[in-house]
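Letters A, B, C, D, E and F name the chains as they come in the text, with residue numbers starting at 1 for each one.
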Amino acid sequence: MKEDVFYGKGMVHVKKDYPDIYEAVVKLNEAAFTGKALDYKTQKLIALAITASNSDDRAMKKQMMSAIREFGATKDEIVDVLRVVLLTAGNPPFVKAMKILYELEE
Amino acid sequence: MKEDVFYGKGMVHVKKDYPDIYEAVVKLNEAAFTGKALDYKTQKLIALAITASNSDDRAMKKQMMSAIREFGATKDEIVDVLRVVLLTAGNPPFVKAMKILYELEE
Amino acid sequence: MKEDVFYGKGMVHVKKDYPDIYEAVVKLNEAAFTGKALDYKTQKLIALAITASNSDDRAMKKQMMSAIREFGATKDEIVDVLRVVLLTAGNPPFVKAMKILYELEE
Amino acid sequence: MKEDVFYGKGMVHVKKDYPDIYEAVVKLNEAAFTGKALDYKTQKLIALAITASNSDDRAMKKQMMSAIREFGATKDEIVDVLRVVLLTAGNPPFVKAMKILYELEE
Amino acid sequence: MKEDVFYGKGMVHVKKDYPDIYEAVVKLNEAAFTGKALDYKTQKLIALAITASNSDDRAMKKQMMSAIREFGATKDEIVDVLRVVLLTAGNPPFVKAMKILYELEE
Amino acid sequence: MKEDVFYGKGMVHVKKDYPDIYEAVVKLNEAAFTGKALDYKTQKLIALAITASNSDDRAMKKQMMSAIREFGATKDEIVDVLRVVLLTAGNPPFVKAMKILYELEE
């Protein structure tokens, strides 16, 4: 189940052409999100925070959609993530992320 | 209470010499950490994630100490944050953050 | 007056849905651009330099348009900013910024 | 005159061992700081802004010292640069830069 | 020959309007790629690695096309570069780069 | 053999306390450096390029030492990597990396 959440279309090719990389990425995802103390949803919000702070449009959009659809993250929860992005990464990534969030909402 | 958590020694000077900046930073911190849906501790862990993903030694150390001392964050909770850093920001910031965490533990 | 310069369409939603964030951003902008020693236009050019050095397409385009339209920045002034981007951030962000500048000029 | 400002001790070795790189860096510095419209000091402050926004301790310290000693930049001018860093790159690089500035002042 | 490889359309304008910058960029490219010990193709793959690790879509696409068309880089060679990107810069830039590589292949 | 090259002291703790993360990192390293087309040393130089372009002092020093000691990388080979860093990431990370290289040489 986890697998179809994380790996976009690009990874279908990787799985077929470079199975050793694919297995490493699966293992890495499992190690990343099988936390001992934080729940899965919180960890996904952390992944969103990191990609948003890098101003990476596509990656943050993908993380937002995943957080909303797979983990039922609410708009207020995502905005609470982006509040921290504003403080620690500045206004440009915050504005970009809010724009993407409102576009997803529509 | 919040105030003495966030603002290091540098901010003492800012408060005295540049009160308009100080007030803006206070306001920004309040807006950042007065989330509607996520609790304060989770938001602090998100701030740690962002600074750790930037490989910023001092900032991540400060965030870790604050998370542990002010919010009672456990080692496993911080490692769960760093698992996501490993996935989304790569091995160098992860290794650096683990090193700092173990140094703090000693 | 300042307000309609900085805050794009995304901020209209923020103002309505998250007034505390909006107020913090306004305060932050005021503290940022109410410099004591540098004029407003110079500070805007500095904001352009930072967003350009991060290779952030949209943010740098927005800053360029704002610099040109609101502050009458000339092409040579913007290129002088980008010269420093070339030195301190490398050729890829410089080339990207020059491309955007020439597109805006047309 | 410019040359001894920009090139730290490391570049002495480069000049001797890799003269082609040295010449390229000199040329690059000349192209960067021989602006048509902005003066030299403003361009140096822009270089400071970019290195500060990257949270690069040593580089921003070097730029601050150069701005102060070679161009007579005042504390308020540097703080005006850092105001923009706070807005566009977030609180951690701002706090770090202010700390370095106050240490230089002492 | 080198010249038409590196400098995109934007640089045509730069050559005409800002010849001093153009000359500095040419000099910089020559110093960068006239390595003593590594061959030209390896250095181009290194340039690809750096732009890919920054998640810079356009710059990495341009570097990939250049590596493939001018230097005959194979898909496996580029994937070997991206393996290192996965390790040192994380999953998001890796996935983005693989997507671009497969799109170029089609 | 590979294992003692990549994993610093911090990883000793990780192996003991968080074996699932350790295994994922081992797997990731194997997938990263078991390239099909590029040799191991070239891939290590690429890892050096990425960490150097991020101005990450410790990570680039570690990569340089590993490249020199484990793979017999020469000074000229490392400088050829740093030439590309100068072009694609700017002068500050280049100067920092050259400084570290000359310190290692002594």
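Observations, loosely collected:
What we mean here is this: contacts are C-beta pairs under 8 Å (C-beta built on N, C-alpha and C of every residue); 3 or more make two chains touch, one makes a residue touch a chain.
From a predicted model like this one, the values you see are computed outputs, not experimental measurements.
By the document's definition of touch, common neighbours of chain B and chain E comprise A, C, D, F.
Matching residue numbers shows that A-D is the pair in C-D, A-D or A-F whose interface repeats B-E, with more than half of the contact pairs in common.
Two chain pairs are in question, E-F and B-D; the one with more C-beta pairs in contact is E-F.
A separation of 27 Å divides the Cα centre of chain A from that of chain E. Taken residue by residue, chain F touches two or more other chains at 21, 24-25, 28-29, 31-32, 51, 54, 79, 83, 86-89, 91-92, whereas all remaining positions touch fewer. For chain E in complex with chain F, the touching residues are 28-29, 31-38, 42-43, 45-47, 49-51, 53-54, 74, 76-77, 79-81, 83-89. Every residue of chain C that touches chain F in the complex is listed here, in rising order: 86-92.
Contacts from chain C toward chain A in the complex involve residues 8-11, 13-14, 18, 21, 24-25, 28-29, 51, 54, 56, 58-59. Interface of chain D with chain E (complex): residues 20-21, 23-25, 27-28, 30-32, 34. Those residues of chain B lying in contact with chain F across their complex are 55, 79, 83, 86, 91-92, 94-96, 98-99, 102.
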